[in-house]
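What follows is one structure encoded as structure tokens, with my remarks underneath.
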Amino acid sequence: MALTKEQIAQRIALELKDGYYVNLGIGIPTLVANYISKDINVVLQSENGLLGMGPFPLAGEEDPDLINAGKQTITALPGSSFFDSALSFGMIRAGKVDLTVLGAMEVSQNGDIANWKVPGKMVKGMGGAMDLVASAKNIIVAMQHTDKQGNSKLLPTCTLPITGLKCVRKVVTELAVFEIIEGTFHLTEYAPGVQIDEIRAKTAGKMIIVDHVAEIKLQPKAGLI
Amino acid sequence: MNKTISSAEAAIYDIQEGAVIMLGGFGLCGIPENLIHALVSKGTRHLTCISNNAGVDDFGIGLMLKQRQVKKMISSYVGENAEFERQLLSGELEVELIPQGTLASRCMAAGYGMPAIFTPAGVGTEVAEGKEVRTFNGKDYLLEYAFEADFALVKAWKGDTEGNLVYKATARNFNPLMAMAGKITIAEVEELVPAGALHPNEIHTPGIYVHRVLQGAGYEKRIEQRTVRNN
Amino acid sequence: MNKTISSAEAAIYDIQEGAVIMLGGFGLCGIPENLIHALVSKGTRHLTCISNNAGVDDFGIGLMLKQRQVKKMISSYVGENAEFERQLLSGELEVELIPQGTLASRCMAAGYGMPAIFTPAGVGTEVAEGKEVRTFNGKDYLLEYAFEADFALVKAWKGDTEGNLVYKATARNFNPLMAMAGKITIAEVEELVPAGALHPNEIHTPGIYVHRVLQGAGYEKRIEQRTVRNN
Amino acid sequence: MALTKEQIAQRIALELKDGYYVNLGIGIPTLVANYISKDINVVLQSENGLLGMGPFPLAGEEDPDLINAGKQTITALPGSSFFDSALSFGMIRAGKVDLTVLGAMEVSQNGDIANWKVPGKMVKGMGGAMDLVASAKNIIVAMQHTDKQGNSKLLPTCTLPITGLKCVRKVVTELAVFEIIEGTFHLTEYAPGVQIDEIRAKTAGKMIIVDHVAEIKLQPKAGLI
């Protein structure tokens, strides 16, 4: 059974370690906040200028001056701090953020990522994505394994305009978890009940199966939001 | 040094056609509402606007777009605006997209008197085309130039008559950076207080960077993505 | 994420011989008194110290100099210390003098993940020797590299358990810049408060840059040039 | 009669215009604060991180956390702000400070300044001087006309190690006021009773006398300190 989006987020939550500062991108990555273990301390960074992002507010408690990078109303936890956009990307560039989770349209086997532009379509812009992928030392991509036409999004080389080069360390899809090492997708986990042949068929880039390949295990819901 | 100005109209009186202006804000959060309304009333055209986003159809920079006052947008993300899309596709509007951190850093560089900065953002992408790449400690960086603007229009939470500014929460975003980068910086504030009423430890933008400060009025502070939790 | 550490000794336990350390402060204003005392007690030698000044004979970095713990000082001004002068003239101590703004900017560059910055300070002087000069808009600038340090020792007024810091008055100076530039940043504070007790708008150094925070004790806060007016 | 140090400061105070942000160096420049006209608003910047510097404190009111760039205890006026050293030099480099007054050991006819190092003597460092002279758009030097041996400090070229190139706009000494234009000291004012021949004799650099040369007029004491 392929994972739901919530389950992809749930799997990624296992990557969060005690003491991590984490930046969660828009879409599936945002859902990761729902599954952070209560046993660890993690601080969420929002690149529009906040460390210590909390859950969405209760109805009636929205503050228009307090939003996340997806422009959603949010809250700030005790111990949070606000800062300007330059310092926000400064701490990202300086490698102070331990983990970045992003969506993508394509990932290549050497870790290139494309997630900002589709030729022929209205281009809305890269936002902070290019800064994040160029700077973060630990990037996990959360995405669907194939596009709507069924084409693999895990490719030998990206066909769409690149957001950043050789930066993705791990990819989590509804079918599988890969580590990217030396130009190859290393299949480390598969979704419960999904056949490795199906994963292989839907992975256009170079793929190998690690010896200790295992079924994906999920973190129980225990989160912020 | 009293920098108070009495009206939004007076604050922007010398913004001419063809000016390059920066506008603070992230989405609709922390945008200079009063100054934008005044610019819309004035109808100044052929503006180059440096702003992270371009507003929505009926608010923020979207109001200026509707009147075709904007010749060029320099932004990182411009997604929420149908009129914007129409003008872009028809070729009426020029758009330059740059990474968000690069935009922030280029404003900051101007405020710090640094002519250029190095950032890894955009290396190997379209953004790098025509730009100098330089390697430090085995990592590639783009040389990006400081941004200056004829005018910076910013929004703060509180300000004093000396032009010192304090921002609230994530409405800070690009405002302090653009405040530093304007040849003329115009700040509107929700609460204008006498000099001495803000604690000098807590000031985000020192008054030296601010030329005019306006007590804003009628803040709408629209929310773009109202999101709530249930319990 | 509780970063509190119980003693100055524990805070610096892993500073090894030969380490590069930054020390905040301008003159004796805003120096990490407790951490310096602990380093003096520990007796760690062959240190490279990046600090705007070098203390006085019996206070601040002067205490470390007296014990010959410092191999090299990187500073902008080192004038107030006879033992310093003796060691310098005898060749026991190496000194690198750099402009104060360059020192500040090089620390900041590290904290902003920028490998180098351009500054006009020192163009045409001894400071420019061996450095790359580049012209922007007709003005010459030196390329100066980001400073990193194994440890940054900073002093704040208030801090919370998450490592967020607030500085007081001109005791801010280099502290927030060095706090950003340390591979390991150790902050001592006059008042340590629980997370949430500092308003997030007013934080000068976000906790992400700070690894250990110590409730300091027995602050002497010595005045170097007591100057008063008569009426 | 040659001017006293106080009178040099008094003369320089006339250069301060309403609305100026001003950085005053250590020594004679510091004294300028004593003579700022009450008819104008001027904000003093101290490069260790303060805009809005006030007078020295009353005895017993010294705050060790509040000093100026000369490490003297000072006060902060209403409307002042504190900031870190990078922003302080940032606003200087960005040209936001309207006037900088500095001491010097030598000034050359093309505006070079030497004020940080004497070969053979213990070198204490340049502090912020190199940043200030490289960045400020309007620099006035306050100094004695000659050194203790009677040698001119206004030279064809500096003999001491340079602090900055082509940056000094005006020099005020106990004998005269000069503007530096196109590689020449332009004598614009002389101290009351001082002969132009004496000034000429003590000025080693190229010097011309402007048509409207006049006696120095002093601002009455009306200041901060």
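As written, the chain order gives the labels A, B, C and D, with residue 1 at the start of each chain.
Basically, a residue touches a chain if its C-beta (ideal position, glycine included) is under 8 Å from a C-beta of that chain, and two chains touch if they have at least 3 such contacts.
Just so you know, these numbers come straight off a predicted model, no measurement behind them.
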Count the C-beta contact pairs for A-C and for A-B, then tell me which is higher. A-B
Going by C-alpha centroids, which chain is farthest from chain B? Tell me that one. D
Centroid of chain A to centroid of chain C, CA atoms only: how many Å? 36
Dist(centroid_CA(chain B), centroid_CA(chain C)) in Å evaluates to 33
Calculate how many whole Å lie between the centre of chain C and the centre of chain D, each centre taken as the average of the chain's C-alpha atoms. 29
Indicate the residues of chain A shared as contacts by at least two other chains. 50, 76, 82-83, 86, 89-90, 92-93, 135
So chain B residues touching two or more other chains come to 105, 112-114, 119-120, 167-169, 200-201
Touch relationships between chains, expressed as pairs: A-B, A-C, B-C, B-D, C-D
In the complex, the residues of chain B that touch chain D are 1-2, 110-114, 160-162, 164, 180, 194-196, 200-201, 203, 206-209
Please name which positions on chain C make contact with chain D in the complex. 26-30, 52, 75-79, 85, 88-89, 97, 99-105, 107-108, 119-127, 157, 167-177, 204, 221-229, 231
Residue ranges of chain B touching chain C (in the complex, touch as defined): 105, 112-120, 136-137, 139, 141, 145, 166-169, 200-202
Which residues of chain A touch chain B once you look at their complex with the stated criterion? 46-50, 55-59, 61-68, 70-74, 76, 82-86, 88-90, 92-93, 112, 117, 122-131, 134-135, 161-165, 225
Where on chain A is chain C touching in the complex? 19, 21, 41-43, 45, 50-52, 76-83, 86-87, 89-97, 135
